[in-house]
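Look at the two complexes coming up: chain A is in both, with chain B in one and chain C in the other.
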Partner chain A sequence: MTALPQTRGRSGGVPGALPQEVRSNERSDLGSDPPNGSPRGLPSDLPRAAHRLTWWITLAALLLLGLLILHLGMGSAPLTPAEVTAALTGRPIEPWHRDVVIGLRMPRGLIAVTAGAMLGVAGAHLQAVTRNVLADPGLLGVSAGAVLAVVVGASFGLVSVSSGWTPVVATGGALASGALVYWLGWHGGAADATRFVLNGVLVSAIGSALVAVVLTLDGSTFGTVLRWIVGTLHARTWEHWQVLWPWAIVSLVIALGAIRGATVLWSGYDVATAVGAHPTRIRLAVFGSAALLTAGAVCTVGAVGFVGLVAAHLVRPLVGHHPARVIPMAAFAGAALLLGADIVANGLTFAIPGDQIGGRASLPTGAVTALVGGPLLLALILKERR
Partner chain B sequence: MSHPTRATASLVAVSAVALVAVAAVGLSTGTPQIPLRDLPQALLDPADERVRLALLHLRAPRVVLAALVGLALGLAGALLQDGLRNPLAAPELLGVSSGCAVVVAAVAVLGVPVPRPLVPVAALTGGLAVGALCVLVGVRLRSTSAQILCGLACASFLSGCVIALVTLGAPANAALLYQYLLGSLANRGWADVRLVALWLAVAVPAGLLFARTLNTLKLGDDPAAALGVRVRRARAGLLVVATLLTAAAVAACGPIGFVALLAPHIVRRLLRSTDARRVLPLAALVGAVLLTAADQTARVVAEPREIAAGIVTVLVGAPVLLALIRSEQARSPV
Partner chain C sequence: MTTPSAPALSAIGLGVGYGSRLVAADLHLHVDAGSWVALVGRNGCGKSTVLRALSRLMPARSGQILLDGQAISSLPTREIARRMAVLPQGPQPPAGITVRELVELGRHPHRALLGPLSAADREAVEDAMNLTGTAEYAHRYVDRLSGGERQRVWLALALAQQTDLLLLDEPTTFLDIGHQLEVLDLVARLRAARGLTVVTVLHDLGHAARYADRMVILDEGRILADGRPEQVVTPELVRRAFGVEATVLTDPVTGTPVVLPHTPASSPHVPQVVRS
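This part shows the complex of A and B:
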């Protein structure tokens, strides 16, 4: 809904009516072409950065690398960025630096980056396809379904967190709860943005209540599962990474392929039908790819909320609203967000004095993202409704 | 509206019978099992010390507490729904419960020296602050769903706060606090009952006094003002009383959801009347029945383990809320 003015704004003036000299002036201002093939030299109200997408992606990647190095330095034995870089490049200053950085902390950082990117892309996809700026895998109940499926699977001994089948089970749950929310929201006409999300939140509530039932009945793994439900990166090892990376590659490739479909739907139902697309079919495909992404991320880091929501809104002021630009940038923004949230969680954890390493508290990353995401959601609802 | 008086009388009778029945079942089940037949005798003159302990010190306070808390929640829900003219209003959906919960968790985890009877006061300030924020923000929003979503956004922020508090402050107690955050009535004693009763003695009469004002407010803000109601002041008062009721409930057994939402709806459907003078007391009564029944279900359904009462209320309440949203959507398509 708020996505539309962008398209309208770009073609705000009638192209033919524009004097030639004004157009050439505009062109020299713009520098390079808009990336999505809009006619050359038309006045544009896209953010300037939208014209330099490659440049922004490089910048985001560098920022991400910086955050990762910062992240790898944190822990009970703090390392400086220089020490981390040395250990990463194979010339550790102390021999144990290598073990700590590569052996212990690297998987956590990599998982944060990958899962964050997956959640960011899932959020941007869902926002484009539902044309709802409030969409997010957590808010639409997709994460809750994945969590429920994994917890039920684990309590019946079907899956363990490090088994390759976990993401499959999680995808089943994600698809089921996503479909339920979709059915509830779309029944009988167009969905109102807030009602749609409200349905999602309620389905999530039911899902987490069922998780609580399962946990109460099978109390053996209570502590670990509890943190994982909130979403945590604590104690992630290379074993978890082994589960995540194949899934991440497959689902991200599928999601990048689905960008075209998402764009068509983002242009509106009428436009999509007019260009000969099957809106329902595309919608299901994009929903499916979002469910794949969410399920993979949830398996490894738990139901971290709001990453998808915040990531998409973070990049829109930079690159405009077009899904072809928002979705790739949302991957970087999501990765940076989850990594940043984990840095904050880690920092707070180590700021609290603890006596021993084993029993020390660890702040779940999901709590940090909720602290950021809740107020943002509030602001968005107000903006949407005013 | 055919026979409001008769409907009221029969609803009162049915709820009272249901309450007594649930209480009796609650008192008799467990170990040691006491047959329903022997229950009066066991209550009045327990032969066995074990039976006496189980009945009077474990089961009875729990049943009484569930009834009191349910009563408070039902009344709070009715007050908020009529006062804000939002059929989906309930303390947990307006952030009031989470506001109270954050304060209670902070008091418990950080060891803030607040004397026990005053914990609801502290909870009240938290609940009031968040509730007032949500209501102030929500008044600007037309759609009831958007208002509720505001409350839920606040609630998710606050739950982040609570999780941070719990994991950093008391990692060993994580499971215990998880139970608390779900809303549970397990292991409560007469001290909790006294605490809640004390607060309800003030808040329930205050809430019932609002009945006439609520009926006038239902006409709309301008007609109500023309009829001499100070709309803003009345709303503020309503919010304070509803928050007070919620704060007492949350302080005793955590944020139990959906009782406050459901009770008034059940009453209005059954009475076919929206007269607040009937709805308020009956919603309180039905709330008591609902929570007592939910608590006993939670206790019995998975013996010997026990699931939190809050889970049962969510599992029953959330689908009903979904249905309510659907029916509201059908009435006023966007």
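This part shows the complex of A and C:
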């Protein structure tokens, strides 16, 4: 992966490393400086893009639009990007293009973009407040809680995947498991980032076990639920989109509002207290918004893993580590990741020959994100160990 | 609101501790405006804990902390941060934060809930970086700086808060002797320039005697001695506070007391060093 952060964490600042020891590939951001690093105005450690965030956000949005057009062209009746664009702009080349693109495929694409953005923001937020580059809604047990709540709700016939109440139930589960991880991690005051992730994995495992128990008690939904747990965008309709979008707007607005707090807490518990912030309130606010974001995404696309983890790591080499830049950019990276993963899943599905379209098995999108995210997680853990 | 004679910071009957262990009980301390008070004492004597309680990084179990005569428990934490800056002991910078970004956090208590840094905020940040000599590496990552540079960056964060009161918890730990003096000299110059009131926890008695105008020796959470350095740094008090037999001399350059430790005073298990 090229998406690894450039610094070696806290151990990076070796005592005695003078600022003059600048790596040759680092360039100066302060125009007038001599290239060899004079005593006045030393070269910047920030990546170039960090100073041009608006430009990069625009570029990311255009890239995302391109991916979406590609995505909308995929299916049993492939369409070229030109045909998709024509259908989108209201001048379809064939009348049925409009029905296929907007009626059938658009919800899946929009859901991928929105859910991906939500997971990306949740991951970047959690990484900032826990000061832990391994944090991710899936790894911290938040997704597992949401899944368990929905599965329990569904087995009692209370919710279905397209019901407006599903995100509420999922948020309840996400908050409960998030609170459990929070309590286990910060019980007694000390916050240990590694133990915190371990607790998340533990809570996830218990959650999965409980899901299996509930599914065994009521075997009728086993297949559907299992695929949804891995994470799939298969057969998503406008009905699902109706559930997702209001939830997405509310949770994203709350998350963007929490960036200032997350940045302060990123500087450490004592420092945050010293500058007049309330660390515990910030943690609760960020955990709450991450639970909202994750629950909304999980309801519509299932427990797609690693999107939050990978998104934040993708953008750091571009914009540096500051949460005010990482979190907005992680929204685009998460959206592009989930959309890209779905393109791959879709492509592989249609590449495998089958007799009929309806009975064709589809590759879950979550399997693709896990194939990308798993090795990254491994690389990060090895890097932390070194 | 503030009477001229009121101390800048006071502890009244302060009790503070961790879990079931009470570090200090019924401690009384008044810090006069404009003074530099050094808290000294052996490891575990409670000096850092008392400083953390004074700066509300730790809640007081009992008693009160008064900031300009007002109880800090009744003041909003943002308001406290506008009047008192504190540098905790050995803070770890987050990976990948630049010097400027870290110093900007010092403006947090002055900023509105939303919106970018104001012109006044940016000026305070520049000012703090210039005073501490960190402006030249404003865009460097803090975790790539050396220990001494890093400590000056943390100091810049505290200065960006533009407070009259500055609390420092062992600001010289992990620094070599040159950087120790550099940081303390910087604080002394800032204090003179801005009329700051300074409270520091210091390990080195010589440094404390040289820079502070008042020393408070703590022992098991109680004040063992409190006064001007030449009153406090005596062989008798050094023995009682640190368990060390020492000779106290006067520094020919600064005129402040310096301690020459010889042997642990009451340690039968440690063999006596034979001196020739």
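FYI, the second predicted complex is superposed on the first by the 338 of 386 C-alpha atoms of A that agree within 3 Å, B and C clash if a C-alpha of one lies under 4 Å from a C-alpha of the other, contacts with A are read in each partner's own complex, and residues count from 1 in each chain.
The rule is simple: a residue touches a chain if its C-beta (ideal position, glycine included) is under 8 Å from a C-beta of that chain, and two chains touch if they have at least 3 such contacts.
Small disclaimer: the values here were computed from a predicted structure and weren't measured.
Of the two partner chains, chain B is the only one touched by A:377; chain C is not.
In the superposed model, A:157 makes contact with neither chain B nor chain C.
Shared-chain residue A:95: touches no atom of chain B or chain C.
By the document's definition of touching, of the two partners only chain B reaches A:349; chain C does not.
Of the two partner chains, chain B is the only one that A:366 touches; chain C does not reach it. In the superposed model, A:305 makes contact with chain B only, not with chain C. Applying the stated contact rule after C-alpha superposition, one finds that A:212 touches chain B and leaves chain C untouched.
Residue contacts after overlaying the shared chain place A:270 against chain C, while chain B stays out of touching range. Those residues of chain B whose C-beta lies close enough to touch chain A in the complex are 137, 140-143, 145-146, 148-150, 152-161, 163-164, 167-169, 171-172, 174-175, 178, 182, 257, 302, 305-308, 310-311, 314-315, 318-319, 321-322, 325-326, 329-330, 333-334. Within the complex, the chain A residues that touch chain C are 5-10, 12-19, 29-30, 39-46, 131, 133, 257, 260, 263-264, 266-268, 270-271, 273-278, 316, 320-322.
If you check the complex, the residues on chain A that touch chain B are 134, 184, 187-190, 192, 194-195, 197-199, 201-203, 205-206, 209-210, 212-213, 216-217, 219, 222-223, 226-227, 230, 305-306, 348-349, 352, 359-364, 366-371, 373-375, 377-378, 381-382, 384-386. By the touch rule above, chain C contacts chain A in their complex via residues 55-57, 76-82, 85-88, 91-98, 101-102, 105-106, 108-109, 113-114, 136-137, 139-147, 149-150, 157-158, 161, 174.
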